[in-house]
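Two complexes are shown next, each including chain A; its partner changes from chain B in the first to chain C in the second.
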Partner chain A sequence: MSKDSIRHFIATELAADGAKTEIADNDQLLEQGIIDSFGIMTLLGFLEEKFSVHIEGDDLTPENFSSIGTISALIDRKAGLSAGA
Partner chain B sequence: MNFALNEEQLEIRDSIIRFARQELAECGEGNEFPRAAWQKCAEMQLMALPFPEAYGGCGADFLTTVVATQAFGYACKDAGLVHAVCTQLLCGMQINSFGSEELKRRYLPPLMRGEKIFAQAITEAGSGSDALSMRSRAEHAADGFLLNGTKIFISNGPIADIVLVFAVTNPEVSRISGLSCLIVEKGMTGFSQCPPMAKMGLDTLQNGELVFADCAVPTENLVGSEGQGAILFNESMEWERCLLPAAHLGTLERVMETCVAYAKGRPAFGQPISKFQAVSSKIVEMKIALELGRLILYKVATSKDQHKRAALEASIAKLYISEALKQTCLDAVQIHGGYGYMQEYDVERDLRDSIAATIYSGTSEMQQNIISRFMGL
Partner chain C sequence: MTRLSVQHEMDLWAIRTPEKAAVHDGKEVLTYADLATSSNRVGQALHSLGVSAQERVVFCLSRSVHCLTALLGILRAGAVYVPIDPKSPPDRAKGILHDCAPRAFICDATTRPLARRLAGGDIPIVCLGEATENTGEFEFDQAWVDRYPAVSPAQEVADDDLAYILYTSGSTGQPKGVMIHHRNIRSYIDWAVHSFDIAASDRILCTAPFHFDMSTFDIFTTLRSGATLFIAAEALTLFPEKLVTFMEQQQITLWKGISSLLMYLARAGVLRPGRLPALRRVLYGGEALSTRWLMQWMENFPEKAFFNVYGPTEATGISLFHRIEQMPKSPQELIPIGHPCTDTYVYLLNDDLAPVPDGEIGELFIGGAGLARGYLNSPKKTAQAFLSDPFRPGGRIYRSGDLARQRTDGTYEFVGRADHQVKIMGYRIELGEIEHALSALPGVHDVAVAVVSTGDLDLRELVAFIEGELNDDTTAAFEQLKQQLPVYMIPRRLCNIARLPRCERGKIDRKALQAMEFK
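Moving on, here comes the complex of A and B:
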């Protein structure tokens, strides 16, 4: 479920050329230029609000934002930590 | 929603105002870095406010740090010194948020005590607003990195003991993934600092070029992880675009009060010039900017204390307050007439100091671009 909402947000709000409507789980968001440095800031705001998580420090690595798959995994991990806290 | 500062924040604010008026009143003459005043600021714990007590800091939250910085900008007329202290704080915040435990223990104590002067080196001759297009390169070498490149306009650069340098560590990937932040110390082979550059204002702030020529930086001096530089940069901008405007807003308030006193005391045509609407309207605009600027500033600071994103609000604060300060200082000179144009009056220097506020930490044009992007335009 998180993947779909992340995918929708990136496709509609961040895709740099505005024409990227279909994004696969493993598409390389940073390397393919789908998300630029500004997009990361916007995406972080969306993720924190949508999933009620805080993403900071060691979690703020390019690897965690490289694809929808890695973003989703990060959210699952953070949400799991929040639920367990 | 609570618009009131707590007792501790009010006490800190008042004590900093008293300190600056008593201890820094003579500060700011000439172009030299005011080392004695710098040390007094450290003793006042201005550089220790937001850092954990475990490292010798005060453990203050970000709003309190912002209130303190605002008070410092209000009461200290040497905007160069204020900027130098803010730079020190911002370097420490990056180390505290992203540095290893070893880096925190090594660098935060001397930073807070003012024993070591810190700088952050991002801007290059060919990349100002487009910071991520930097060309400085840190290649993997034995036990670390070999750093090559030149940084320019670096605040505290010519006198810095420690520099946080942003450089490309992987040119094969996008800049979001390919930048890193490294700590370089004065005395490292291949690191040289050029003399301070002459500027329009902020006279005591030392800005200059830093040159790295095969400068060997050990792996443990990496702040955060390799490739984390661009994200670290984004994060630090949220703090920076709140902390620097805090100082600006303090200055704006002082300039406004100067104008109120002058306009009420200066007669023309048989009455104080404050009675002329062309004069009073300018001062009213200053008051409006002060009140609105404070709201957005404290909103950013409170958001950061709540671990929330505030990039949009920080850009609004930076843009609004820096432009308001510049306009306030222009109007202050105008209200003072011929006296305002003379160096004998503080508003002349305030105006020169204010211009840079709309340039550094992202120009006003860049802030408008960022706000526009956040609005989906």
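Moving on, here comes the complex of A and C:
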């Protein structure tokens, strides 16, 4: 389940805040500052390695990275594409 | 010829080209006339609050045109501006306030809660821009500022007066305030405007935070040359396509970016021939940029000029620079940091402060017009870092802590650090400051922090190795660290370790630590 591993990664590696382990699917990661310029690069490395996808410039949009739900949907789309290819 | 200070030069542009945009943040625009008016009002308002010459005024604002109003208003009052990161952890920001003892605190609606927490009741708070709630006690809003006349406070500025203080990471846990004179800025900006051919027609992008020395290049070259500054919102720097589109829409002609951001744009695949047609000059610095990313930029944009720039906050801005004339032959090629700027000179010295033989590695010492006065309230640290020039009587040199080598063609190349300072995302980080914060956690006996690479992204992260009995649940530990350290300084992982590897004399063996992590 991509959501849970993305949630775990963000909570432990990006939030730098052990208390913030409860990140809901719809929590606004950008508005809350959970993902910043350092965080997004770390997150990309994780997503590409973990899910064997390649995330390109067109995918790097606020819409795709606004919440765990939208990141997970992006990964599902990318993974579906590569599986179908 | 009498030389003018930053604010006076800006006033000349306000007369020559009053309707021209001085600063644009993607939402709001201030013309030169607007900026002259708004900053004069802030200057007058600060006077009325009792701010006098060379006293400090903190500003902590989200990225908007108001940053320029605040900064210039402070300079007009003859005061010294001290920028604080709006994301600064409270303990760190409190430490800075305690050190610089500001007479006023300028914020906006977004940063007001932090301003209240830090300064509430003790220091007058001036909240610029749209107000969102009633002002509290000892607080003043934009409407109050606007009641002051838009005339320059009659405040003479001497060359030796301070213009700003920027705080950098300190090894003992206390950030150090680097004091920069007006003449430091003048010399730097004279050189920059000439070397990069900056003119009123330029449209300059600002991606650097204002508490970061890279921002001073953007601000002061713009105001000197009557150009337009475009402040990019932080969100833009997260999304490469958005940033490139913004640069295209605003027809940016010059960008001095942090190396990691150039790397990010290259990696995201948004660089394509024909894009960014207005951009002529790209400067990068703050840390090394892997040559393969530079090659991507140059392959896509052979028509643009690329410059590698280097310089510590203590020497104001850029100390050495190198124009990359030819495409590197391979990703293994090391790009030099080049030659010293005008009015700047460097030495490569050994531990006894004697010059190293030609071609050998030495510590880089910098002398010349960019040298800061020193660290605020820290004569001891100042004396350690700023030494008498052993070769030029009366001169001073700054010990950079960077190791370098001079090539046969005369250019310098950066080799690494002589001490325990590291750079992550362009931020200078003293490992000692992090270790100091970690050592205060319950159960921690001793600690060492190392920087380890992650994957193939040229990304590095901080890992803390802890001797002692740190609780398995690190929630409380991270919570405590967050109070003291900015997010970029908080180790991503806390690892318990039975014994830290040590060298013969008991010093922590940092090489061994990194090797352990790779296992």
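In the analysis below, the second predicted complex is superposed on the first by the 81 of 85 C-alpha atoms of A that agree within 3 Å, B and C clash if a C-alpha of one lies under 4 Å from a C-alpha of the other, contacts with A are read in each partner's own complex, and residues count from 1 in each chain.
Everything below uses one rule, namely that contacts are C-beta pairs under 8 Å (C-beta built on N, C-alpha and C of every residue); 3 or more make two chains touch, one makes a residue touch a chain.
Keep in mind the model is a prediction, meaning the values are calculated, not measured.
When both complexes are overlaid on chain A, the residue A:Leu30 reaches chain B and chain C alike.
When the two complexes are overlaid on their common chain A, residue A:Ser5 makes contact with neither chain B nor chain C.
In the superposition on chain A, A:Glu56 makes contact with both chain B and chain C. The contact surfaces that chain B and chain C form on chain A in the two complexes overlap at residues 13, 30, 33, 35-38, 40-42, 44-45, 56-58, 60-62. Residue ranges of chain C in contact with chain A, taken from their complex: 87, 234-235, 237-242, 260-261, 264, 268-270, 424-425, 454-455, 457, 459, 461, 473-479, 481-482, 487-488, 490, 492. Touching chain C in their complex are the following residues of chain A: 13, 16-19, 21, 30, 33, 35-38, 40-42, 44-45, 49, 56-58, 60-62, 65. Put simply, chain B touches chain A in their complex at residues 97-98, 132, 173-177, 224-225, 227-228, 230-232, 234-235, 307-309, 311-312, 370, 373-374, 376. Residues 13, 30-31, 33, 35-38, 40-42, 44-45, 48, 54, 56-58, 60-63, 66 of chain A touch chain B in their complex.
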